[in-house]
Amino acid sequence: MEPRQHQPSELLHVDSLEKSFGGIRALQGLTFGVPAGAIKAVIGPNGAGKTTLFNLVTGILLPTGGIISLNGETISGRRPQEIARLGVSRTFQNVLLFGRMTVLENVMVGRHTRSQASVLSAGLRLPWMRREELRIRAWAMEHLEFVGLADRFQERAGNLPLGEQKLLEVARALATEPKILLLDEPAGGLNTRETERLAELIRRIRGQGITVVLVEHDMNLVMDVSDDIVVISFGQKIAEGKPREIKRHPAVIEAYLGEEGDYANGAGQRV
Amino acid sequence: MKEGKPLWKGVPERLSHELKSVMEKLSLGGQLVQYLFTGVTVGSIYGMVALGFNIIYNVTEMINFAQGEFVMLGGLIMVLCAKVLPLPMAFCVTVAAVTAIGAIMERSTINPLKNTTVLTLIIVTIAVSILLKGIAMFIWGKDPYMMQPFSGTEPLHLFGAAIQTQAFWVLGISGIVVLLLTLFFRKARYGKAMLACADNAEAARLVGIKVNLMVLLSFALSAAIGAAAGAVITPISLMEYDRGALLGLKGFGAAVLGGLGSFSGAVVAGLLLGVVESLCAGFVSSGYKDAVALLLLLLVLFVRPSGLFGNVEASKIKKF
Amino acid sequence: MSRGNLITLSAVVLLLILFPVLVANVEAISHYLDVMVFVGIFSLITMGLSLLMGYAGQISLGHAAFFGLGAYTSGILCVKVAVSPWLAMVGGTLVTAVVAYGVGVPSLKLKGHYLAMATLGFGVIVNIVFNEEVELTGGPSGLSNIPGLKLFGLPLRGELLFYILVWSMVLLVLIFCLNVIHSRVGRALRSIHDSEVAADAMGVETARYKVMIFVLSAVLASLAGSLYAHYVGFLSPSSFNLLFSIRLVMMVVVGGMHSLWGALLGTWLLTFLGNEWLHVFKDFDILVYGAILLFVVMALPEGLVSVVPRLSHMWRRGRESEGGTGGT
């Protein structure tokens, strides 16, 4: 696995990424790229470091080593807000919505970086602020429609069923106008029908010109939607390639067969 | 900036006068001993309050804002009991009474709250502290209460300082408390179970420890320690109904200084805080002595929230 | 502004207009106008606290210090430097804003209990300074002879004029804050409360917003302090102690911290309880006060305002079932 040079068509590039927590090395020299406009899946057994990877890319965690770049520009080491502004958005494995706000307001928060109103202009309701507010609202409604939640816009986000909460997270992330969208186990807890709708939604997102990175355990979904798959295990890349190559890759089969045993022994640490 | 400043300024001048300097240095030394001793005495009280904070924090990860009220109640109940009972009895009754109050507090206010937020917990313990203060004011009024020292009012002369014998009681009792606590957590079944809750409540529950009971126990225990602290300090510092808040705040200062959750850290930091405060009162300004302790608290919180002796990595694992 | 807010606001304004008329005609409660001036002054503080606690989810147990900073800066500038009261008020807010920023930046990195204790410690320190800097503040014996306010050359004497001034300010601040809540800024604040990680990921500058709302609430407290100084004319450190900080927080919590209306309701209730009604209990007063607080916090964690929607819901259901049975 020698480090590759950044290629111009790659939107996101991760180079020799390292992360340790105390003595535990969650990621070790991870290198891969995501071409612009692709749907790339990151798979691996529990505790492989997939969520850690997302936390590093979005700036919630700082890497111990290595470089993450977006469009050739280094983003590792920057604050999460800056990275969001540059066009990286995400959803969370355990769904982090603003539970006491309405569905619509949740998506409106997604417009934060693309709007200006300050305390003063908001408190005084200046005319331009009101126009901006209307634009934010319209934009948010559009994205609710996109994921099919438009009719729930006045509901409290915390009251939605899990499936709709996951869709709402996607709408909120899309509202930030991302170049790249990181989906952390979007199908977790969904039934088959909902997962099918999700697959279709992911394709439509790509259709908007947004690159998608997908961390997912549902192999049917992964094989169905992704162009490219990277497999990590214990923080290291063990394989990368097209879905049908990955299916037959010996290292992947071994990693997945070994998962059960490792898990029982307690070696699979959850990230 | 009252009596302290000229003395501070005068030190170099005195050094130039041979004869005078011997006298003054002696008395300065005597003062130093005096302040140090006062500091250690008060500091051991802070240490005990900090221990109380830590016991509850370790089991529940919450801060009991009513911790200082336990000390206040300990002092005032002791005054009451000492009038009718022999001292050792009075002490035991006081500790038992406040322990019961701590247990009642947990059962009636903390236990019923499930799935609550930190903010609510803070508010609830503050409300309890106001209630306890209100009860104390109703029973004892607003005036401070005096109490005879345990073994006579005659001060002991030591290294040119006059030291109240009660100070030795304070040190002795806090020493015993620390010793008993250490034994309790090392040897006793319940002590070890409480530590297990502190480590991982979920795992503790899985191995059959009644976490619920441990929380109750932690409140009772820290109330008992607070009561003991209040009972021994009252002959020196007097006690009134609204003393709890400041005592609690300084005790929290000691707990943070020592690294929240660390028992040995709490004791050391308590002593340190007491000495710094006492030296400041003696040599700089008595009015600002409370401020110094709190400034130290703020400084530690801002610069090193894990405490002077705390482990940074370990503090990150805690919820906040 | 939403329809609900508009209706409530109109009702409040109507009550505020009727109140002086009512009070003036009933001898036994004629001094209630004076109490209402204090309710107004404290409301300025609690509205800010409500934004900070209920909306942004950050606690402060030191807001009495900002109240005191405003009051003392106003008082000292007027008494010792002979600055005009309005200018002194501006001076107070500036001083407070600087201090609040200095304290807020390191404090708001802390969470939960640590933040509570840090602000508590800060409040106590400021109170000690008020007590000790005798040359400036007059120390424990207080600072007196603070001049009253004048508006267009007309001195604001008597409770009624001050009542009008203070409550006009309260209403302006209320409208301002309601506007803020229903805007990009308000959404950012609320998002911090619900999930700081998600707010970060959405690009909300969480640290900056927390400090900003802290400073804003401090400035409102300072403004209240200046008004207090000019209304009472006398300042003593005990009005700005730890207990008062806690009372402010309790006002917000008892009323319902997730709503500005709750802050107003709580301030009104606790001020009248503390200054008037609980006096019947004499030595019991703190006890009863504590008991009420504990009861509300335990039984109604969302505060008294949370009762309103529940009641209206029950009322509506009651009417529906009545219509159902009595229809035939």
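Note that the chains take the letters A, B and C in the order they are written out, and that residue 1 is the start of every chain.
Note that in this section a contact is a pair of C-beta atoms (placed from the backbone, for glycine too) under 8 Å apart; a residue touches a chain by one contact, two chains touch by 3 or more.
Everything numeric in this text was worked out from a predicted model, so none of it was measured.
Distances between chain centres, each the mean of the C-alpha atoms, put A farthest from chain B. Set against one another, B-C and A-C show the most C-beta pairs in contact at B-C. Chain B has its Cα centroid 49 Å from the Cα centroid of chain A.
The distance from the centre of chain B to the centre of chain C, each centre being the mean of the chain's C-alpha atoms, comes to 33 Å. In whole angstrom, the spacing between the mean C-alpha positions of chain A and chain C is 42. For chain A, the set of residues touching two or more other chains is empty. Remark: chain B residues 62-63, 65, 109, 112-113, 116, 118-120, 122-124, 126-128, 130-135, 137-138, 141, 242, 245-246, 249, 252-253, 256, 285, 287-288, 290-291, 294-295, 297-298, 301-302, 305, 319-320 touch chain C in the complex.
Residue ranges on chain C touching chain A, taken from their complex, read 176-177, 179-180, 183-188, 190-191, 193-195, 197-206, 212, 216, 258. Within the complex formed with chain B, the chain C residues making contact are 53, 57, 59, 106-107, 109-114, 116-118, 120-122, 124-125, 128-129, 131-132, 242-243, 246, 249-250, 253, 283-291, 293-294, 297-298, 301. The residues of chain A lying in touch with chain C in their complex are 58-60, 79-81, 84-85, 89-90, 92, 96-101, 105, 108-113, 115-119, 122-125, 129, 132-133, 136, 172, 176.
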